[in-house]
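Below, chain A partners chain B and then partners chain C, in two separate complexes.
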Partner chain A sequence: MASTPASTPASTPASTVEVRAVTVAFGGLRALRGVDLDIARGERLAIIGPNGAGKTTLFNVIAGDIAPTTGAVLIRGQDCTHLPSRHRPRLGLARTYQKARAFAGLTVRENIYLALAGHRGRHRALWRSSADRRMRDEAAEAAARVWLSGQLDAVAGELAHGQRRQLELAMAIATRPDVLLLDEPASGLSRGERERLVELLESLDEQLTLLLIEHDMDVAFRIAGRVVVLADGEQVMAGSPEQVRADPHVHRIYLGTEAPA
Partner chain B sequence: MTPAPSRLAPLRRPPVWVATVVAVAVAAWVLFLADGTPAGAAVDDPGRFLVTVLDGITFAGLLFVAASGFTLIFGLMRTVNMAHGSLFLLAAYVAIRVQEAMVGRSRNLDPADVGVLDWLVPLLAGAGVAAVLGLLIQQVFLQWNEGQEMRQTLLTLAITVVLADQMLREFGGLAQRMVWPGGVTHFFSVLGERYAVTRIFMLAIAVLVGVLLWLWLNRTSVGMVIRAGVDDRQMVRGLGINIRRVFALTFLVGSFLAGVGGVLGASFAGAAPGTDGNWLLNALVVVIIGGLGSLKGAAAGSLLYGTVVAFSPAYLPAQYSYYAIIMTFGLLALVLAVRPNGLFGRPA
Partner chain C sequence: MKLREHLTGETLALAGLVLVLALLPSLATAFFVNFVMTQTLILGLAAATIVFLAKYGGMTSLAQLLMFGIAGFMFGNAALDGGARGLNLGWHPWAAVGFAILVTTLVAFVLGAVASRTTGIYFLMLTLVYGVVGYFVFAQIVEISGPGGITSIQRPELLGPPVRLYYAGLLLSVLAYAGFRMLGRTAFGLALQGVRDDPVRMASLGFNVPLHRALAFTLAGFVAGLAGLLNVWWNGQIDPASISIGPTLILLIIAVIGGMSSLAGAWLGAFVYVLVLTYLRDLPLVDRIGITEARFNTVIGVIVLVIMVLSPEGLTGIVQRLRGTTRKELGGIRP
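Presenting the complex of A and B:
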């Protein structure tokens, strides 16, 4: 199968995230030109493409940080094209950012508390102490899943880069999201840390829908069941990791080389 | 660059040496050499020295209360609230009026007639008015201009001008004074010097404010959100937290603190037109020394500034004490030379 043109499947209730004909223009620059995506519940989808292809913009649209110029975004069948980002965690959406953005002045524990609090609207409790027993347990559990149990009281700003990324993952999975958006989770990680990341992502709940932007093809192809290739704001092809890996067109535009023999 | 001991490396910077030399020289001057100054060398007159130290610390308490709200608001919202001084003065005037109404006399109140409640209730009333007005300013004018620092600064500056005129109309141009409760209007003696209990009382309130503020920021959920917001507001939003509500609350608390400062200031030194500008300037100097947005910085900045304000008139040679005010700016220049973001500041 050669590069498949983007198709628009009919929306089914099984889709967790639907992106319909989304266009984003920043002034004259069109970062996305009519992207359609239909992501099923429990799917592992990797989005790859060269720099400037619009991968992060697509994430921002799904997460609500950017409103699309035209088009629509549906999460679990609900149109939330113009729903502000702060309401989306309650729809079961969690994301990480391309650059580690855990709160540097807070401890690991507090960072995870915040993710939990935002998920549940807990921060309104003005005078109560910052966490109850349940929150404490959930934070400890999330930290344990990313191997940060020993660093719960460490200040995030003093963690190593890899550990900060792990912390961001812990913040994202602590809320038990239905949809998890990870923006280059492997960037800046050592070889060993990447292995652990893959191990962690493979251990996630099967019902969880995972969207991944990744430059590390090895990580992306191992995790993803489907790979979408973006270039210049358009979907160039979509298919299984094997199909994408073998596609000469993808090699030309993205990997910059011919297909391996 | 040599890979030599990196912890020593910053010390090689000339400003640090200059600051160290200045500190040592000042200490030597105050302790041994300061003959012919109003206070005299500390070894000759330890009583006077202790009184000057107490003056510095107690004044620092007032500075801290006035600056903490300012730095809280700036830290979270990056808003330089130029109306902070106006809220300070407004709270002072309101508290004076309420106190007069409670005691039942409008001039020359005798401290003996002023009970603790006659001071505390006006304090809460004045600070409450400042808090509500601050919240209104934030809701009506500032929240639409989030992230536009210049607009916010100009807006609050305009509000300052309007408020100053309205307060002149309403409260007149004469200096007025809040009266300390009779219970603390005493003196005690240290090393042969008399010292006012009211100043210690003022310091105690400042410490209480500082402790409560610290507990609020470090032990409650909202405090955690505020500290996170200081790091990265957009990320807080992305986590699903309604940070606008937290902004409003922070403005309310920051303005309340301005009001508490105003009432303390009015009890300590009176309230008059111009007090607003002076205290905006005081708060600014403190947070620039301490680092904008840092509570620890506000405390350290207050102590340094308060100490310099107390020591310069006492320990400059008698014929130069007129120039004491300049020492403040010397301190500012020195701190900024060593730490351009203030003692505990982080680059914006």
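Presenting the complex of A and C:
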């Protein structure tokens, strides 16, 4: 369990994350209908689309929270389609949830500490070792990166909404993932908080592969090198932020019918 | 952890309480110490395992009295060496202790592993089924429970005088309380609280959620087994009726009286229960208004009802409210 056989891929894959013809059906509802995606190492990809388009479902499939009905998911060349979510942090994957899901009864530091402990396989220690102290220090560093140093010992359930989103982010970046999935990190944030978020995302390691679901077009287009538009479980277009911004089809289904000024 | 984190008013109050309890045998009557308080410590220790699982793991277990009973039966089978009751293995008492605890812990691991994929009401129902099936196993296989129970069980020489059993109960209670509290701050304990708050999230952080639940259940079973040993030494006998559905619910009620999010409350609940059990019949007029021993459960039921109406967090919740502390205990159960 402690070894990391998966950290070195069998071959050097072209893509860090590959999504192949993934469909997901919830009973009669088809949330994804054959989605293909190739995401290169270090790429910044934004996924946009109206509510119910299947964006979160796509993240759930990549992160292993749900298995696709058909299709496959490869992470660094390794077939992970049916790999349980708990094995994915060791592949370098980290995610946030659309609804902040920090552990309400634990403090900010303990929440981040758990993210680190889960990643390092330190799950069942019954005493505090030097590794533990290091993780507590690292938790404090991660909190500082999201401006939560003052809230280290605050209980997560009592944080303001924006702070809870920041904590969510700290838990994801603390483990220094290779692949980071952020589900609407800017939702509910104030203008100032959004600005800081963009700053933080711009400061991430260049080698990191970032998948970003975002409703705030300003945030999405500033961060992303490529934008994929999903609607009704299908990819309707993909391209650079400029191409997507200019596309009339996108305007009709998503950004509203008006063309940009 | 820094020293000042330990030196809270609560900790000091508990330390004072333990000191008083340690001196109790020279302050109170032998009856109060050896009957009321020893029983309180035994039941409190068992109920604390319910609180531990609920508070840290979000699991309400109705199988803790079964673990308690298994340890008692196993000790009786292993330690006795004559008569017609039980297996009569005739082992050294401490070997019997090891055997009883080992069997209890293994059973707890297996039952915990099976239950580990259920939560909430399903977990409660499944552990209730454990309790009921366990009762029938002991009731029907008389080879391991003796017809009508295993009697004349002796405690190890070390614990011969009754007051030593009281001190054993006190020691194990203090260790269990401190142990559970400290465990809450370790990686294991924090992860258990994470599993309580959001198991899906814990899995995506890399944790094996079912295994974590099963291990917590195993630990609770181990501690309940220790309480079960004290109980069988205190009683000198054990029969299947003592782990039937009624007593199973009583143990849950003890935890509820104290407050399901307070470890210390388990012992408080046990104290209230034992007081009512012991002194109710001595109260003046009790016979006249029709409360006899047979209606004892009704009285307990009414007490629980009153406490629940006043505070869903049990007596601990009432005490905290009286002290005006609205601050929630860290890691407590949120409503």
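As a convention for this text, the second predicted complex is superposed on the first by the 242 of 261 C-alpha atoms of A that agree within 3 Å, B and C clash if a C-alpha of one lies under 4 Å from a C-alpha of the other, contacts with A are read in each partner's own complex, and residues count from 1 in each chain.
Everything below uses one rule, namely that a residue touches a chain if its C-beta (ideal position, glycine included) is under 8 Å from a C-beta of that chain, and two chains touch if they have at least 3 such contacts.
Everything quoted here is computed from the prediction, not taken from an experiment.
Steric overlap between chain B and chain C is present once the structures are superposed on chain A. By the document's definition of touching, of the two partners only chain C reaches A:132; chain B does not. Look at A:114: by the touch rule set out above, it reaches both chain B and chain C. After overlaying the two complexes on the shared chain, residue contacts for A:63 are found with chain B and with chain C alike.
With both structures placed on the common chain, the touch criterion links A:86 to chain B and to chain C. Using the contact criterion defined above for the overlaid structures, shared-chain residue A:101 touches chain B and also reaches chain C.
Once the two complexes are laid over each other on the shared chain, residue contacts for A:155 go to chain C alone; chain B is not touched.
After the shared chain A is superposed, the part of chain B among 1-9, 19-27 or 55-63 that runs into chain C is 55-63, by C-alpha clashes. Within chain A, the residues touched by chain B in the first complex and by chain C in the second are 63, 65, 84-90, 95, 97, 101, 103-106, 110, 113-115, 117-119, 121-128, 171. Note for the complex: chain C touches chain A at residues 183, 185-188, 190-191, 193-194, 196-198, 200-209, 212, 215, 328, 330-334. The residues of chain B lying in touch with chain A in their complex are 219-225, 227-228, 230-232, 234-243, 245-246, 249.
Those residues of chain A that touch chain B in the complex are listed here as 63, 65, 84-90, 95, 97, 101, 103-106, 110-111, 113-115, 117-119, 121-131, 171.
Residues of chain A that touch chain C in their complex: 63-65, 84-90, 95, 97, 101, 103-107, 110, 113-115, 117-119, 121-128, 132, 155, 157, 171.
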